[in-house]
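Supplied in structure tokens, the structure appears directly below.
Going in written order, the chains are labelled A, B, C, D, E and F, and every chain counts its residues from 1.
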Amino acid sequence: MIDYKVIEEKLGASIISDVLDGMGVRGQSMDTTIRPISDDMTVAGIAATMLMSDQFDYEKDTFEVQFKAIDALKPGEVLMVCSNGSDRAALWGELLTTAARYRGAKGVVIDGIARDIKLIREVGFPVFCRGINCISSKGRIVAIDHGCPVKIGGVMVYPGDLVVADLDGVVVVPGDKIEEVIEKALDVADRESKTRDELKNGMGLYDVYKKYGTV
Amino acid sequence: MIDYKVIEEKLGASIISDVLDGMGVRGQSMDTTIRPISDDMTVAGIAATMLMSDQFDYEKDTFEVQFKAIDALKPGEVLMVCSNGSDRAALWGELLTTAARYRGAKGVVIDGIARDIKLIREVGFPVFCRGINCISSKGRIVAIDHGCPVKIGGVMVYPGDLVVADLDGVVVVPGDKIEEVIEKALDVADRESKTRDELKNGMGLYDVYKKYGTV
Amino acid sequence: MIDYKVIEEKLGASIISDVLDGMGVRGQSMDTTIRPISDDMTVAGIAATMLMSDQFDYEKDTFEVQFKAIDALKPGEVLMVCSNGSDRAALWGELLTTAARYRGAKGVVIDGIARDIKLIREVGFPVFCRGINCISSKGRIVAIDHGCPVKIGGVMVYPGDLVVADLDGVVVVPGDKIEEVIEKALDVADRESKTRDELKNGMGLYDVYKKYGTV
Amino acid sequence: MIDYKVIEEKLGASIISDVLDGMGVRGQSMDTTIRPISDDMTVAGIAATMLMSDQFDYEKDTFEVQFKAIDALKPGEVLMVCSNGSDRAALWGELLTTAARYRGAKGVVIDGIARDIKLIREVGFPVFCRGINCISSKGRIVAIDHGCPVKIGGVMVYPGDLVVADLDGVVVVPGDKIEEVIEKALDVADRESKTRDELKNGMGLYDVYKKYGTV
Amino acid sequence: MIDYKVIEEKLGASIISDVLDGMGVRGQSMDTTIRPISDDMTVAGIAATMLMSDQFDYEKDTFEVQFKAIDALKPGEVLMVCSNGSDRAALWGELLTTAARYRGAKGVVIDGIARDIKLIREVGFPVFCRGINCISSKGRIVAIDHGCPVKIGGVMVYPGDLVVADLDGVVVVPGDKIEEVIEKALDVADRESKTRDELKNGMGLYDVYKKYGTV
Amino acid sequence: MIDYKVIEEKLGASIISDVLDGMGVRGQSMDTTIRPISDDMTVAGIAATMLMSDQFDYEKDTFEVQFKAIDALKPGEVLMVCSNGSDRAALWGELLTTAARYRGAKGVVIDGIARDIKLIREVGFPVFCRGINCISSKGRIVAIDHGCPVKIGGVMVYPGDLVVADLDGVVVVPGDKIEEVIEKALDVADRESKTRDELKNGMGLYDVYKKYGTV
């Protein structure tokens, strides 16, 4: 079983990203566009996915699939929402946060916009997104699928992947590599701490790198 | 008369934006590019406007119209500056802030750059802008009109409009709809609080939405 | 000799930028893309430079020149790294920070990406960059030269220039103008303080500007 | 009934755009991103619409709704496809062109990518789009609706609107204003020809503008 | 006196750009955004300048300064229009072309949008711009100055500079260096032709470069 | 042995791209930014690679590695140049074209800028690039490696890959899949021609797609 507490306290997005690099599993770390709405937000959990699209019929009920997907969230999950980078409206806010938290969801990563930032910060629910505005998604953005593969911040995400996100960014571990990655990451964390000590004592960067293989 | 205290404490950009949506008045909420220079900045006030443009004659006196417009600010006004998104230099800084505050202005929203961020934060004057650099606008950006319609963050703003801005963004209420919007917004705030309670008790999102019409 | 304490406490990027403007030395202040990773970061120091480039052979040792450049840093220097704006991976992190601090470097300004943000903030080492992600530069970005001219945030930087960076941005003073610029900046700081007092007492902006020449 | 031949021969996007401006109907002309794939392509017809979205399940049948929409095209229609600006794959090509032509469609305007450019040019079917690549939309872009409002190049388009497109761009006339716009456009065309003659004879621009109201 | 025929036939933007490089006069060649509206358009002439800005009062007369500037064009001049990259509307079209041609102007270079492309091509008047749409500048873009310094495609242009533009781009020769640049350019053209012959005979690039200093 | 004539005449970038899709080999087709400098340019050949970077020491000899790489080109090769999208200067021109042609190279694909467009068109040498300007790369862009993996238009390219480029774009076939891809592509071309005939006879798109599997 995954020990999320260990991940959130001892590991982090950068170490997990390095481990995947070392295994030759590339393209798993999101680009610079996906940022936490508060610097202290950290989350590790299993990916649940939703795919959304802009639409332009303001009279249409755009909430049905979206609400179904959120109501289906399970404890320990992180909702991963792809809207193909739409910055037209905020597809996440405080009321969705309240609903997701009740179901035990641990956070949300979206390649779009969020709002109600002050209220979400107050409850400390981790939200990673591309930007902020005050515009409702009602009639503007519609969920067209959930439980499907999505692409966020340049990374393909499948339901069941492990998502680790903090101030450094968001990394996605393929579902069948989770155990291996965590084990290796703990070892890297250990070696990095030795590297740090040597550097503090003045050893040259290249010598340290040759000795411990991390930097 | 407009009770700004009620707006700033009970309402906010997102609720105002929703109310305008509900009235079919669209395109009044700014895009993600206009952000507060400090997360706790909130402002509500009446729009005064200024239009600026890049220019390239460093010897030219570029301050005359700009200073006239700032010196003409009246208590309760928010200065709305359109420079067509110029990021060439900072068109707002601490000394302009000091002058605007003396005249009772409540804040400034610009689609350009600000500087003297530390000093402006110290006095707590709300500044919403597109970015920060340390370059003076002297000889670089010139005011070509004031009291005219402007476009900021994708929104047309007319003198006399109500501007409400906070961490979620900036929304502009047309001058002839201010009373109606505030009244409706207080009602939405009330219903949202009920929605929140139901969600906290585990009601499904779609059921709550059907019952209260907000989310 | 340069008194860095005076610069960091009494002066700042905006005043230095104004002084260079006044001397007709333009194009020395960086654009809005280069930002501190923490709002309280301030640095003044002498530029050391490094030029990097994306590369695509993951098996290649990309660290040799980079580590050599960092190991050669001298007390009082600020490392200026140009990677032509690459956002592909983080070319600066905590271990490089540890190495640079040991050598007495005062900060780093990069036109690329940083990571290990939480740890770097903890030691308070000033890092100015274009963004954040968790991806290692190993095999992705390679140093191709150091001690050479570079371009960062739109500004040409030469080894030996004075770099002053704070929340308002980053300004670069050509090596042969450092003394003159600091002297003039202290005078501008003095006049600005008088300008501020007059504005607080309600004098019009244009009158103040005519009287003190600053705003 | 609309005389398309008159529109294509005597009028054009620029004149239609001016007439809508004169009526105070703004926001009907597309921005610079939508271009013809051949400089000689001109089309006037009635809008049929389709809304598409990127999706990431390569195994999914993404063609069903798309083909249904194209097979439903009627003579004289111009297919207006909104994919929210996706440049991931070409959502239009030669075989779709062949199918659309058989049904009497007059052209297609898409805010995405086309391919098979050489073959489409050979049959002279007007295609206006944002770019070209050789990537199939199969498994990448899916139609989620048709006969709905769409937004293309910044313009809202409704089924039944008149679309006029040529080398100058694309303009959309609301369905209930078509007759009025065409009538006025013929008059403007007439006055422009007089304006031109005066200018050729050396009359000043401002005098000509005062006299004929066009320029 | 400048022999424009020689420039247009024997020289061209690339050679002029190289000569300025060789003289250490940098930053005189425009970036990739400024393109001819027809591949065969070539022009050499003396810069006349105009500065424009977006504005948002549709009722305002935006033509007065603009028409005055065009009516003041003199034979042999190239009109250089800076609108700070506005792509909101076409600030150049066929009627302005007709007026400019009557006064002997040789072409126009704008950092904005043009329209009436087909008609302008028919008369063969060289127009270099950033894009095309069919939207009138009336009420949208206003001239705020002329005969002033402007910045187009990254290059500062002053009245009296020599402008040379063709399919390769646009280069601006400072007014006091025109004679020297043309003389040197004729020499470079001569050496390039020798370089070409050697390369056709199979000489290595580096050897040719060492021998003739051009490539 | 590869029959380039067959590829250039019967196949093309779009069909090759579809075949790779069908084999599950994705990410091999370049994005919309890489375009031919003339619409009739078509090329198929084996990839030779070069990696370049911006640099800022104008006095430095930046030609040595670049010229070596070009002088080493072999008959049938297509030079693939990655400069990480630099649009600072033209890294390809007429004299390099002359040298490359002498060695039997068939074309060049660069993610940067070209110049001498008119002369290159005259000799009909296929150049695919991101844009055009007249600025020399001398002292601005330096080759840092050749014969290495590069990334162009979003696609990883290795020496020995097959490159097929035409008006629809550029596709890269991994070296060990060339024979298989060409064989399959000839079959797809055959089926597409049947699809086309059926569509011309009015068969519905979906029925044709079910029958032939192409569209």
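As a working rule, a residue touches a chain if its C-beta (ideal position, glycine included) is under 8 Å from a C-beta of that chain, and two chains touch if they have at least 3 such contacts.
Small disclaimer: the values here were computed from a predicted structure and weren't measured.
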Set of chains adjacent to chain A and to chain E
B, D
Tell me the fewest steps from chain B to chain D, where a step is a jump to a chain it touches.
2
When you check each chain against chain A and chain F, which touch both of them?
C, D
Equivalent-chain rotation between chain E and chain D, CA atoms, steps of 5 degrees:
120
Using each chain's Cα centroid, which is most distant from the centroid of chain E?
A
Comparing which residue numbers chain A and chain C contribute to their contact, where sharing over half means same and under half means different, the two sides are different
At what distance in angstrom does the C-alpha mean of chain D lie from that of chain C?
48
Rounded to a whole Å, what is the gap between the Cα centroids of chain B and chain E?
40
Among line, ring, star, complete and other, which best matches the way these chains touch?
other
Per the touch criterion, the pairs are A-B, A-C, A-D, B-C, B-E, C-F, D-E, D-F, E-F
Listed in rising order, chain C residues that touch chain F in their complex are 51, 53-57, 82, 84, 86, 142, 144-145, 148-151, 156
What residues of chain A sit close enough to touch chain B in their complex?
58, 63-64, 67-68, 70-71, 87, 90, 93-96, 98-99, 102, 113, 115-118, 130-136, 138-139
Which part of chain F faces chain D closely enough to touch in the complex?
12-14, 16-18, 21, 26, 29-32, 35, 39, 166-171, 192, 195-196, 199-200, 202, 204-206, 208-209, 214-215
